[in-house]
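The block underneath contains the structure these notes are about, expressed in structure tokens.
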Amino acid sequence: MDVIIGQLATGLSIGSILLLAALGLSLTFGQMGVINMAHGEFIMAGCYTAYVIQQFVAASGAGLAISLAAGFVVGGILGVILEVLLIRRLYARPLDTLLVTFGVGLVLQQVARDIWGAPAVNVEVPAFLRGNLVLFGASVPYTRVFIFLLAIACVAALMAAMRFTPMGRRIRAVTLNRDLAESSGINSRRSDLTTFFIGSGLAGVAGVALTLIGSTSPTIGQSYLIDAFLVVVVGGLGQLRGAVIAAFALGILNSFFEYSTTASVAKVLVFVTIIVFLQIRPQGLFAVKTRSLA
Amino acid sequence: MSALLTMSGVRAGYGGSEVLHGIDLEVPAGGVAAVLGHNGAGKTTLLRAAVGLLPCKAGRITFDGREITGLKPHARVAMGIGYVPQGQQSFTQLTTAENLRVVADGRKGGKALIDESLDLFPALKELLDRKAGLLSGGQRQQLAIARALITEPRLLVLDEPTEGIQPNVVAEIERIIVDLASRGDLSVLLVEQHVGFSLRASDVYYVVESGRVTHSGASDDTATHEVASALAI
Amino acid sequence: GNRTSDTAAASAESCVDTSGDTIKIGSLHSLSGTMAISERTVRDSVALAVEQINADGGVMGKQIETVVEDGASDPAVFAEKAQKLITSDCVAAIFGGWTSSSRKAMLPVVEDANALLYYPVQYEGLESSPNIFYTGATTNQQIVPGLEYLKEQGVESMYLVGSDYVFPQTANRVIKAWAEANDVEILGEDYTPLGSTDFSTIVNKVRTADPDAVFNTLNGDSNVAFFREYTNAGLTAENTPVISVSIAEEEVQGIGAANIEGQLTSWNYYQTIDSPENTSFVEAFKAKYGDDRVTSDPMEAAYTSLFLWKNTVEKAGSFDVAEIQENAGGVSFDAPEGTVTINGDNNHISKTALVGEIRPDGLIYEVWSSGEPIEPDPFLEGYDWAGDLSGN
Amino acid sequence: MTPTAVATGARTGRTYLEVRGLTVTFDGFRAVDGVDLTLIQGDLKFLIGPNGAGKTTVVDAITGLVPATGTVDKTGQPVLGMKTHKIARMGIGRTFQTASIFEDLTVEQNLDIAAGSGRGWLTLLRRRRGRATVVAEALETIGLEHLASTKAGVLAHGQKQWLEIGMLLVQDSDVMLLDEPVAGMGAEERKATGELLQRIAAERTVVVVEHDMDFMRDFATSVTVLAAGKVLAEGTVSEIQADPKVQQVYLGTAAATGTELETGTELEKESGE
Amino acid sequence: MTTEGERPRWVFWAALAVAAILIFGVAPLLLSEFRLNLLAKFFCFGIVASGIGLAWGRGGMLTLGQGVYFGVGAYAMAMYLKLADARDRGGPDALPDFMQIAGMRSLPGYWEPFASPVFALAVILLLPPLLAFGFGYLVFNRKVKGAYFAILSQALAAAAAIFLVSRPELGGSNGLNRFTGFFGFALSDPANRQMLYFITGGALIGVVLLVRQFMQSRFGELLVAVRDQEERVRFLGYDPALVKSLAYAVAAFAAGIAGALFVPIVGIISPSAIGIAPSIAFLIGVAIGGRATLLGPVLGAIGVAWAQTTFSEAYPSQWTYLQGVLFIVVVGFLPGGLASLFVIRRRRASTESGRATPAGTGSTTTEETS
């Protein structure tokens, strides 16, 4: 029983990390159809933002809050730069954005290496997040509790923004039909930039949060990227609630597989499960309903 | 009547190929201009150039005396050009209500504008919560016109607005267009295959063939025969 | 027996040019890809050694010229580049490699060409080639002493955590064999994929098993995530110490001293070793690369490799591979880690084992020493409990 | 299945398509609600009805694009529940409300592909040499010979519609379901298309979904009116036009419709000459 | 065809003849043994690229996991070579050296049949396409495509690499290496190595011809149709999943052969050759050369591999930048690859003449009605 609760807690925690990493993608990939492989590097940029901020503000609640805000802005700005310089030209060629942004990712990794060196750097965990919470006999580090809450908060904010604000409607309209949006009076460029800013900013936030539990090194983004994409795929394109469920489902699945086999086998099993799942629900948990043939 | 929209010497096309070879056209202020022509003549292309979805390679477009040749579509919408594209387009993943609101957002009296347009197309009231992508073709077309009206256009650009619409609604659309135009504050640039409809609704007509205006004139009694013979060639 | 390779390639004609007043060596490391993190530091210490030797008059009067190549963290590239260094650049010896897979990839190349490779990293043992000099530790010089230290401290049960690849898998086989013979209970054995960053499941398992100590063979960035999770879960050096064999000074910086303070490592070298040789090595290194840089075991071993090669060449009076193989046995060097001597039977070197403790300044301090150099025993033939390990 | 339809089909050896109780539900909403249709070879059947009545959905259901309940029978073979491509191979072809062709291929390649679903793998793996007779005939029929090696993507709207019809022709479908085939076409093109359909319908079962009443009047041999997912009326053109229910939900007030239709007809007649 | 245009067919055969002369005549004369071996390795990448050109360029399936099929071919070959070496030295019960080191006592059951060269060859030739067909059909049949497919194929590569690293009986992270013989020929003999080069050159030409047949046949047209309008193809009576799976299987077939040849040429196969990074690296060459063309991917792959070797010799640590920049520039700004520079010129000429008489629908209908 303890084991089950422990693994459930672990799964939720893994899930919230996946969710945080995938949330930005569900905007840029899910909404705009841009397969941004540099998303991992935006996460990395968030990690290093936390590292840099720490040079000025000691690890503390305030420091973390500043880092989260700064991470959002840094990620967002990187995203906007990427959009303006490259992605703008590629909306009609989604698969090509994948390769182009892969190249961008390589370059960003190398830039990080040249600035901060290849070895990992250390970001301190603020004192109030040290230690762990004991829940039904299972122990969950406070850092993970914090990430869980942060992920939920981000999802809620994003969902509300997409559904209830004019900005959210505009973003969805533009991603659905650019020409029609433009000729309905929506400034599609501004909407693209907003979308990319938020999506990439969320990657930055994820990066800051991840420094609480993992390493900060130039290649850190890569370790989350594929899983994050799988979350979006399983959740269903452009479906935030799908991403939420998928992230937690994959997290829990992973934690139980890992407990009963090994981490390597668990990875393989999760992949097999996804393929099987797609046999049942090829469009992901929440399929986009269209009548078109696209 | 002075011209609200003028296109002079407009050349435009897709990629390397030119489709419009120098179009001259005027939409009278408060009037309706109809564009007629065979399939592939370049009517849609002409409208896309007028609303800014296709850049002009040469020529000028002015709206209300101001040059708009290089403006983006959304900027033209802000100036008062509303567009209903061919093919019953809508934001498929947004509900009918959201399709209307996304356009009304940020406009003064947006809510009232929505209500007004729903009064024109009562069928949409039943469908407010359905995703536009799930509507039937005709339902989507009604939605498209409603959406364009919310932008409070002074010029409404319509590309085959009755294509795929049930006859009684076609009649209704025709009535609405004529009504709106006759209020004096709305001009219309209309592309339509139904010659009768077009000429009844319009003040002037243009026949486009192979990217050029070959005939034009006032849509009076003689126009019917002019157009018929022009299109029969 | 598989201990010596029988491909003593006689065929390959060496193209090494010894006529001029320079002699070429190859410096082959991953400068790109995942392993670049670690291997660049080794390139740096090789360069330092070359600089010092050249300043000191070179090898047999010849200045060393270094050809640097990138193994790109890909064993196939290591094989290709080794071939290129040998046949196109005609280097007298190659220094480099880090992962066992890079070494295994280069092994047939150097054997076929009858060339030399100096490999500076601790590894899982069970190998010996006449064309490779192993200047890092084999298991009986690092893992076994670490285990013995734990036993001395009264450890009766252990949990094994490692990355899922050859080195940890083999190391853990050694550990399990030793544990069985020494009545230490192994409470669990878990592996995570290289680069893995989620240790909540494993740390939960460790907590539940409650061992006296954890033996850690994780590699690279995984250590950061592991120790953070470990600390956050309330496990400490006091209640459950961890001994690691792949965490050196460089890695401690990234993990954050606070997360790993008080934990143990087992190596043959620490930057804090108090000896004239080490002081001058550390000073020279920092002078060349900056004060914020640290020195570590593989770097020191690579540095030492150059001097061992030089001493062997000068003893043999020749750059010829056969002469070097002939004369290598007994060649020694007063290295920063202490005196090391080449074992002519297995081409490994004798090394002093040191268990160290990580302190808040991020450096590692010796808490136990084997006192004198331990003879290399890559096949653990001198250990009864290891009889079964290599399959024959 | 009604005995009459089977009897007719069996007796004459013609193909028929028998739809019984066809129902399509989307999240609880019945878009098509117990529709019965009997289509017999030689009949040029028009399916009309208000926007959203479920016409396209009926076509979608028959061709396997949306799941449906009820039965669909083609000359004795059950259709519902089969995969789309299998249904197509049974000879049930369709066009789409918005033309969907292969824009990156030439007109001829489009037709060649449509002609080839029955080809074996070996034929497929060989290079296309010359022009198959069916393709040549279809090119002539749809009048796109001069554009045979043009990329289909640059065709105008109407030309794309013809290409779609051409693809059905070469596909040798004996049941053709055409969703608004003349939408966006000019008067002459409509007429030409209509005549084309008339010729085609002699040997096949053709169903046309349309809103163009002139077009219907000129070419329909029978009409079914759908409204709110149900069959509202069935009969000849004049029966349907006279039906007050149909006028109310679809055609509009007799007066308004009359003017529209008459003016239109006159015009088109004139322009056709 | 989409980009092949109406170029006369003799141009292809002439190009092929020139290529054959270069490969079989000129290169062996000019290059050192080491460089010739390198060239053989590049050919392996060219073979993979050729298949990717079909699946991605023509079929629109961006496959980010070709390393998996490359790996299957390579491991099958390596298992055979390891067993043959072991049995050569130690008799029929001998274990490969690395297994002894890993403490294994007996051969895992699934290794047994790899003692037979026929079995190993059959696996090399059949398993990659069968696996690809199976995986492809499962995925395509459920209409998973585009980015979804790309991401799944990438996850497949990641999972395969992680799995292999963890399997000691396949050499784990070290992979399989130290091969001495190749079907009875000593790999250390320069003459045999040259023969290996010739075999690889021949395989390259063979694969190019095979892919050409697929591209230029009706199947090739159908593939483009499926790429652009998958659903529509369904209504024509084809099963698009079958069409795509077949093209994907051909690409896997090519990758498997390349992997098998890679092993004796390079002397090692390890998980690092089949993970995400190498799988994506295969794509650069394809993109640069021109993904939708026949020869573009092959030339691109060989060119990129050559550039990587040369560049990394001169500026070892800068390759990462260059690789990144190549992706950005070529895919972002020259999507047709270098080949498009030629094609664009040709197409411009042809469209201009085509447009001279804009679609004359009027006249067509008149004929129709009369």
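Just so it is clear, A, B, C, D and E label the chains in written order, and each chain counts residues from 1 on its own.
Convention: a contact is a pair of C-beta atoms (placed from the backbone, for glycine too) under 8 Å apart; a residue touches a chain by one contact, two chains touch by 3 or more.
Values in this document were obtained by computation on a predicted structure and should not be read as measured data.
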- Query: Can you name the chains that touch subunit A as well as subunit C?
  - Reply: E
- Query: How short can a path of touching chains from subunit B to subunit C be, counted in steps?
  - Reply: 2
- Using each chain's Cα centroid, which is most distant from the centroid of subunit E? B
- Message: If you average the CA coordinates per chain, which chain's centre is most distant from that of subunit D?
- Response: C
- Go through C-E and A-B and name the pair with more C-beta contacts between its chains. C-E
- Distance between chain centroids, defined by C-alpha means - subunit A, subunit E (Å): 32
- Query: Once you find the CA centre of subunit D and the CA centre of subunit E, what distance in Å lies between them?
  - Reply: 44
- Distance from the mean Cα position of subunit D to that of subunit A, given in whole angstrom: 47
- Centre distance in Å when subunit B and subunit E are each reduced to the mean of their C-alpha atoms: 51
- Message: I need the residues of subunit D touching at least two other chains; which ones are they?
- Response: 56, 96, 98, 100, 155-156, 158-159, 188-189, 272
- Touching at least 2 other chains, the residues of subunit E are 162, 165-166, 229, 231-232, 320, 359, 361-362
- Note the residues in subunit B that touch 2 or more other chains, in rising order. 17, 38-40, 134
- Note on the structure: Interface with subunit E, subunit C side, in the complex: residues 2, 6-7, 9, 11, 31-33, 36, 68-70, 72-76, 79-80, 83-84, 87-88, 99-101, 104-105, 107-109, 112, 126-127, 164-167, 169-170, 173, 191, 193-194, 388-392
- Query: In the complex of these two chains, what residues of subunit E are touching subunit A?
  - Reply: 60, 62, 64, 135, 138-139, 142-144, 146-148, 150-152, 154-156, 158-159, 162-163, 165-166, 229, 231-232, 276, 280, 283, 287, 320-321, 323-328, 331-333, 335
- Note on the structure: Touching subunit D in the complex, subunit E uses residues 2, 213-214, 216-219, 221-222, 224-225, 227-229, 231-240, 354, 359-362, 364-369
- Over in the complex, which subunit B residues touch subunit D? Could you list them? 14, 17, 38-41, 44, 86-88, 123, 127, 134-139, 141-142, 160, 163-172, 174, 193-197, 200, 224-225, 227-229, 231-232
- Which residues of subunit A touch subunit B in the complex? 166, 169-170, 172-173, 176-177, 179-189, 238, 288-292
